[in-house]
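Following this line, the structures themselves.
Shared between the two complexes below is subunit A, which pairs with subunit B and subunit C, respectively.
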Partner chain A sequence: MRFAAAAMAVAGKDLRCELRGKELLPALAQFVVLSLVIASFAFDLDSSSGPRLSPGILWLVLVFAGLLAFGRTFAAERDTGSLEAMLLTPAGPSAVFAGKALAATVLLVACEAVLLPAMAVFLASPISPAVVATVLLATVGMASLGCLFAALAAQTRARELLLPVLTLPLWIPFVVVGGRAVQVAMSGGGFGAWSPVGQPYAVLLDFDILFLVVTSLAARFVLDD
Partner chain B sequence: MIVVRARGLVQRFGDRVALGPLDLELAAGERLAVLGGNGAGKTTLLRLLATVVRPAAGRLELFGLDATRQRERLRARLGYVGHQLGLYPALTAFENLEFFARLYGLGRGEARTALEVVGLSGAAGRRLEQLSRGQQQRLALARSVLHDPELLILDEPDASLDAEGRDLLATLFEGRSVVMATHDLALARELCGRALLLRSGRDAGHCGRLRPPEDRPRVPRAIGRWGPATEAEGTSPSAWPPAVRIGEARGVSPR
Partner chain C sequence: MTEAVRISADLERAENRRLTALAGAAVAGMLVAGWAIFVYAPQDALQGPVQRIFYLHVASAVAAFGCFAVVLLGSVAFLWRGSLVGDRLGRAAAHVGLVFTTVTFLMGVVWAKPIWNWDPTRTWDARLTSTAALWVIYAGYLLVRRFAPPGRTAMRLAAVVGVIGFVDVPVVYFSVEWWRTLHPGPVLTASGGPAMPAPMVVAYLVTQLAVGFLCGVLVAVQYRVQARRDAAVARAVAAQLELAPAPEAR
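Let's look at the complex of A and B:
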């Protein structure tokens, strides 16, 4: 109970700071739209090639938007000493990490709320509930991993370089499986793909559970000196 | 009751020994001023005591508990303000305290009380970035006493505080054990009963009991002159109270 209350307090504080400061969300939205504009010119997309290339473009934009979002999660806190202040409370590093991961997930979902409609506009991608579900499923696992490595990278001087080097290899499973799931969804496959074991959705869910457990166990060692 | 007990405490940054070996004891209700020039290890000592970092060697006990292994149990009993205030510029003074109150399992009432104690009730709705540096320092002090800790660990708490703010420190110290780093000798004499002098590198320094201001023939102007003006009680280490036998084992004499 106390863990949940502390995590919610941290997440609420992060979101409130972001809404007041308006540092990350406008930049992410701008990044997403610009990436799609560039992609639409670079690939010379039309109504037939658009849906075929869309899954790849979606995951590329999502991965780099994620790196931008998670890079800020812990760096600012370390610079101002507020992470230290939080960790000196009895809340514990795991609750602090869970709260920050939750806030980062919400920010990434907000970014996706711009990305998916923009894809429909710029790439003529068919955005179905199955596409949204795939992206949301992947976001949970990506956010927990991204936050863990952001916490680790924030302790170093070369944090901007270290974060992608650490994070991207472990995001590959989400890109591979998520890309496949989005491709299936965009070609008309729906939630029927949920039930059979081994289908992309089930695999994404497994990844989420695995990485949530691993990162919450590792968080205390990363955050607590 | 012994609040702080350190034996052979050492902290290293790479190959460089930043602190120690240091022995230290602090009884309940005692106030210790940590003095020394830049790079002497004051902040390092305070960060060790606040359980922010673990020592490289030696043993540190707080309230009889191992400060390395039982940090989470100790933290509700400690209040710490470091060089960095650790507050959020986008939040108001009240929101900052309310957030930390929630992490301590407390409510809005405690946050409001802490704001009143440091005299910031009128600025509760102002964002941190709209407060002066002194007001920000007061807010950080409010956060450190929010949960009514038994031991306060403060790194230059007088920074940016006006005369009224310095009086506030005396109020906050009442009934608590305190370890405070400062460059202000007058403040150290006013607020603390004891002093620990640290010197750069491996020389862990020594400790003396501060004389009351009226007994002092002269007041050194700079921290570098601290030595001649600091005196320990008695002439031999055995005459000192146990809590001031800093460096005794290594043959360091009090001045």
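Let's look at the complex of A and C:
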């Protein structure tokens, strides 16, 4: 269990940094609330159009908040030059990557803990357990991909530009399936109300497993300097 | 001019001649395909002349997929064995694949204008979305090369994108397909044989061969361009090293 211990140590380090510095999370929470404000003006929302447009707004805000969160994970290490130091330890690049992805996932989940209640308050979106489950399931796969490309983009010039260009096309499956599932859940369907093609939760889980495997295999090549 | 330089110049000239001949053959092949599309193939009863777009549309889509499969193989070869040939092949095929994806798109738009009446709200179709994702992913593959520190790092990072991008495309395709699609289903590989008359199948096969050959020639030309560029960089580095005093001398 050396791998798990090393990954947990890296994740713990990242979360401790965030708890002590309190940099990313307040900024992300503010970003989320601001995006909702922008959305309410941009779509000219009222009590009837708010709930109808909520699924789309949810995914838009989530995707951009995710890009911000994952972009920071490796950029901060790069700025202080501490990534090389971590890679010199016997932990191995895959464990370092897993740890950082785990910490970023926790941050994004914290961000969602702000986003979903805020949507319920501002947009009167019906947030049900099914919505929360969909968002959490999508977060896992999105975080693994986002972190991999954040690690990759951190090694290039113009990383803020490259991260969305690389990540967004690979997030399409999550937005497609998750978006549909949230639409069904918000229009009154529970966990079982998915008719045409099968359970979206199972599909999201499949994507999660697929991309967790692919990214952990690829992490070695991205971080191996 | 020294003997070695003259020999390599001769070799280069021979290779240029070979590529020129191949390019000429590819042009001839495309002319034959044009004849097959416009003269040999019969008119479609329902869609009229618009249907003739099908031949080039499908052929260039297949060629683009072939290119991206080459990118995948080249990326794997680089990550696994550090093969520079694989990396160069990936670079060349990504460029050509992007061109053929664009051609597929444009052909599709021209076809969709009369058939679907090109309504933008109806165009978020599975094929279209996944092809757009494909285009963006491989454009990202080339962007990574531009923004990464040159040399091994750029090759390594781009190879990772080349592998993961290829994994993502079927995933996007199926995720979108599951709930809306407008694109015609498979015509040639339909169950119970091709759903079109034999002359159309022949015209398609001729076009596919010509486009596939053109695609191969373009990849070969791009490969040579990339190889020349790599050689120029290597020469510049070597010249710098010769000019600079050796580390021991300082």
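Here is the rule we use: the second predicted complex is superposed on the first by the 220 of 225 C-alpha atoms of A that agree within 3 Å, B and C clash if a C-alpha of one lies under 4 Å from a C-alpha of the other, contacts with A are read in each partner's own complex, and residues count from 1 in each chain.
To be clear about the criterion, contacts are C-beta pairs under 8 Å (C-beta built on N, C-alpha and C of every residue); 3 or more make two chains touch, one makes a residue touch a chain.
Just so it is clear, the model here is predicted, and its values are computed rather than measured.
By the touch criterion stated above, A:90 is placed in contact with subunit B alone, subunit C being left untouched.
Once the two complexes are overlaid on the shared chain, A:172 sits against subunit C while remaining clear of subunit B. Once the two complexes are laid over each other on the shared chain, residue contacts for A:21 go to subunit B alone; subunit C is not touched. One of subunit B and subunit C touches more residues of subunit A, and that partner is C. When the shared chain is aligned, subunit C comes close enough to touch A:157, but subunit B does not. By the document's definition of touching, of the two partners only subunit B reaches A:2; subunit C does not.
Of the two partner chains, neither subunit B nor subunit C is touched by A:34.
When the two complexes are superposed on chain A, the residues of subunit A that touch both subunit B and subunit C are 224-225. By the touch criterion given at the top, residues 79, 129, 133, 136-137, 139-140, 143-144, 147-149, 153, 156-157, 159-161, 163-165, 167-168, 171-172, 175-176, 178-179 of subunit C touch subunit A in their complex. Across the interface of their complex, subunit C is touched by residues 145, 148, 152, 155-159, 161-162, 165-166, 168-170, 172-173, 176-177, 180, 196-197, 203, 207, 210, 214-215, 218, 221-222, 224-225 of subunit A. Across the interface of their complex, subunit A is touched by residues 50-54, 71-72, 75-76, 78, 80, 82-91, 95, 99-100, 102-105, 127, 143 of subunit B. Listed in rising order, the residues of subunit A touching subunit B in the complex are 2, 5-6, 9-10, 13, 16-17, 20-21, 80-92, 224-225.
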